[in-house]
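For reference, the structures are reproduced in the following blocks.
In the two complexes below, chain A is the common chain; its partner is chain B in one and chain C in the other.
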Partner chain A sequence: MNNKTIPHMPSPPKPFYTRIKTWLVLAVVIAIYAWAFSGIPFTGIKQTAWQITKAVFNGLFHPDWNYVYLAEGEDLLRGLAETFAIALFGTTISVFLTIPFAIWASRNLIRTRLFSGASTFTLSLIRTFPDIIMAIIFIKAVGPGAFAGVLTIGINSIGMLGKLNSEAIEDLDMGPSEALKACGANRLQTIWYAIVPQAIPSYLSFALFRLEINVRSAAILGMVGAGGIGTPLLFALEGRTWSRVGVILLGIIVLVTIIDWISGKLRRRLVQGKA
Partner chain B sequence: MKPSEGYPVKPSPSLKKWMTLALLLALLWLSVRETEASLSELIGGIPEMGKFIAKMFPPDWKYLRVVLKPMIETIQMAILGTTFGAIFALPISFLAASNVTKGWALRTPARFILNLSRTIPDLLFAALFATVFGYGPLAGMLALSFFSFGILSKWAYEAIETIDNGPMEAMTAVGANKLQWIYFGVIPQVLAQFVGFVMYMFEINIRAAAILGIVGAGGIGIYLNRTLGMFRYDQTVVIILFTLVIVLAIDAVSSRIRGKLI
Partner chain C sequence: MIEFKQVSKVYPGGTVGLNNIDLKIEAGEFVVIVGLSGAGKSTLLRSINRLHEITSGDIRIDGKSITSAEGRQLRVMRRGIGMIFQSFNLVKRSSVVRNVLAGRVGYHSTLRTMLGLFPKQDMELAFSALQRVNMLEKAYQRADQLSGGQQQRVSIARALAQEAKIILADEPVASLDPLTTRQVMDDLRRINREMGITTIVNLHFVDLAREYATRIIGVRAGEIVFDGPATEATDEVFSAIYGRPVSEDERLGGRNVEAI
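Then we have the complex of A and B:
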């Protein structure tokens, strides 16, 4: 390289080592990919795949509109309503259950490191726990149906909401609560009058954000029997009635889009109100 | 009402607030009815749940040998799914970013595809691909590819829209074409961030991959379903714990790499 022509330029300290390191990283990445590709049977595609794909697309473009409303029940609209009900009720439960976790996990309210650490650990454990498995456990308890879905979403959302809220509390301005403490307010009074008013906008905003996730989640929980539109979808897939699969897919897309849109609007308003 | 003491007075905000609250409560009441929630059912179900959990112990640790291979398959599905999702996400995120694609004729359809793919949950993709391509890890890989595509491209185009426009203006001034412009002006600014997104997506996909098997899309989820069906909860708990350990380990490695990149 022409940097040898510049006399003041010191040579790089460990060129050999860095070059080896780059090659090593590259080799590891290639090895990982070779290993990953070896595990997926690309050749084992069903002969009928192309025909089924055509049938699926045909169904998607010719949805079974009759399924949207059936007089005797078990139709698309009722399925979507149940899905939304599961998401809304589940989110509401988790919004209340989150409060103690959020307070316990925030370092500026709880000074005992061990205590807040235990809460952070519990929250991350809940976040890693797959919602589908939780749904299966709740189905064992209350039987298959929408209520199992509600409980799953109610418990499973605590993980994320607790983390976000405790971080938001840690970022709060502690001025007001110190002022209250100086006036002789007790712990509960400080939380109620200094922390809560500041935390409310982000708390509601997180709840709406989680509602968006939970609508998607409620749409699939039915696949293991926890109510909502997932159950008829699974039946339609298994029965290969593609026009019905098509109309259910469209229904889910419309529901999720509407909820995202409303929730996004409300969240923007909350953020503006806070600023 | 006159604004006194310099404070702006809002015209009766309380009515609107009460209406919102009433609407929310009405929706909630309807939800409770729709889902047939009952506290007594929950309390009555607790012993059932207790029995279920009691049956998990002691865990059948020998079952680890059986689920090792599907667990490896799960990781492979997640690696490839994330990669294919990322490969397709990058070009479309350029089309969706308003500072790269100035014309709406390309940008609007690109954003439409993104929004559409993000409305469909991962398990739904998996169920769809499993019926089309047959049960197995290929369906899972495809499901994760589509799922990652939607999320990654949204993150990527939002990152692209926040970059510094100085280098690109300089390049336009010296006559660079669009491809040169993207390659030398945009990519260097977003690459590290994009790799960070991909690693994070990989963490999400490992969790997702572990359950895709429930609808037949390969990986450890198949065994989860099987052990539950045979009431071998002592084996189910082994799968759950194994999954948690793997997810936590990969999270730790991946967030370390992400920390180095950013």
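Then we have the complex of A and C:
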């Protein structure tokens, strides 16, 4: 092909300031990294590191099977059962407490922006609260134990569930609500007949998803004293009984896997029923 | 009887939806409102049960002003007016009979309806309404398992269960094929004739309007530009309503002709 037939190809516009901006952004990112790394004290590796690592892995691969069931109590099975109970009870509480927040935060149901905004703000506030901090506060309030864990999970889950459910409500078909309004239904009747049947599958699905998260969360919360398997795990770690640490970790993995599997199955059925 | 007295609607942006409408619709009429999309048909229809608010004037139903009705009063007036929508507006995950019973909620207390405790007469009403539109055997199916035409007939049954004296139908056949279009229109006409229910329908098919209406109202730019019996609504009249000659896709045509 002859050179002359090729039309003049305009070069992509890349003015001077765009290039400057790219370099500036890069410089800022590098500065942030430099600052972050300088703040971490690298104290080096202890001389005993290899020995300890070996001991840990030895323990993990030789779990203390005797701990699985002890006749006098305080064993792995009971710890896991308590962990699951905390997660289940906490999730149940939050599933109910979520309903008003989800409705208040839905902009298609609450026209006054101030009201829906207040609920959205409360929900983000709860979400930003780390569950460990909340657990420590509840332990101060009600004393250490499973009840503090239940309260923590019950309150902390509202943040996520409320947001997901209100977004799901905002995505609903508003046609049936209009029809109910036209029939002379009041606000509550409209929600009950037009919104609730549409919202239930995603509501249940979110609840199951949150239960999965909460089982994991309940296992950790015990480390600050909020009941469940976390407390014996902490004791085992502090006492360097690695074989016990091993069996507890295995137990947690098995519990979480089972819950995820069951919940995943149920959620898939809910989603398919929706189509 | 439905009475519009100097009814105007101006949208927040300044667009005029309805311009000083005076209109009387007698009980038992089958009125079809025609006009281009955006002409104000839907605004006119939806102002009757106040799904759309008007900015000035008064709308009276059997002498009672719905414009000034509030709260419970408004809900009582609304339950006497059935509404059919283009998109059916059924709760798709609920059963057919539950959708029909939804038409009864305006008659009972919130608690009672939330518990689903409908009296026996309500159940009988719902089933006889379903029978009237030939949907009785589908009563316990989920609404989303029905075809479009069947769903629209369920929504007619909902209006019947309401014991409505007026039925408003906003483009009831716009999302249906020609065959089911006629079935739904036949149902509406039969109900109008047998039960004497005042029926007001928005349509954009010229021939369908002529075939079913006893009275045609033409709307253009928020004003009524034609109001007369269907026999007087010639092609010239429609051209005047539309502001241009009637195009082919505004005719439903015979049963073999595919609608757009």
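Definition applied: the second predicted complex is superposed on the first by the 259 of 275 C-alpha atoms of A that agree within 3 Å, B and C clash if a C-alpha of one lies under 4 Å from a C-alpha of the other, contacts with A are read in each partner's own complex, and residues count from 1 in each chain.
The rule is simple: a residue touches a chain if its C-beta (ideal position, glycine included) is under 8 Å from a C-beta of that chain, and two chains touch if they have at least 3 such contacts.
Please read these numbers as outputs of a predicted model, since none were measured by experiment.
When the two complexes are overlaid on their common chain A, residue A:G225 makes contact with neither chain B nor chain C. Contacts of A:G117 after superposition on the shared chain: neither chain B nor chain C is touched.
In the superposed model, A:L151 lies in contact with chain B only, and not with chain C. Of the two partner chains, chain B is the only one that A:R216 touches; chain C does not reach it. When chain B and chain C are set side by side, the one touching more residues of chain A is B.
Within the superposed three-chain model, A:V142 lies in touch with chain B and out of touch with chain C [touch as defined at top]. Of the two partner chains placed by the overlay, only chain B lies in contact with A:L233; chain C stays clear of it. Overlaid on A, the two complexes show chain B and chain C touching no common residue of chain A. Considering their complex, residues 27-28, 30-32, 34-38, 41-42, 45-46, 48-49, 52-53, 72-73, 75-77, 79-80, 83, 115-116, 119-124, 127-128, 131-134, 136-138, 141, 207, 210-211, 214-215, 224, 228, 240, 243-244, 247-248, 251 of chain B touch chain A.
For chain A in complex with chain C, the touching residues are 173, 175-176, 178-186, 188-189, 192-194, 197-198, 200-201, 274. Chain C contributes residues 49, 51, 75-83, 85, 87-94, 102-103, 105-106, 110, 113-114, 155, 158, 162 to its touches with chain A in the complex. The touching residues of chain A, when paired with chain B in their complex, are 32-33, 35-42, 44-46, 49, 52-53, 56, 81-82, 84-86, 88-89, 92, 125, 128-130, 132-133, 136-138, 140-143, 145-147, 149-151, 216-217, 219-220, 223-224, 227, 233-234, 237-238, 240, 245, 249, 252-253, 256-257, 260.
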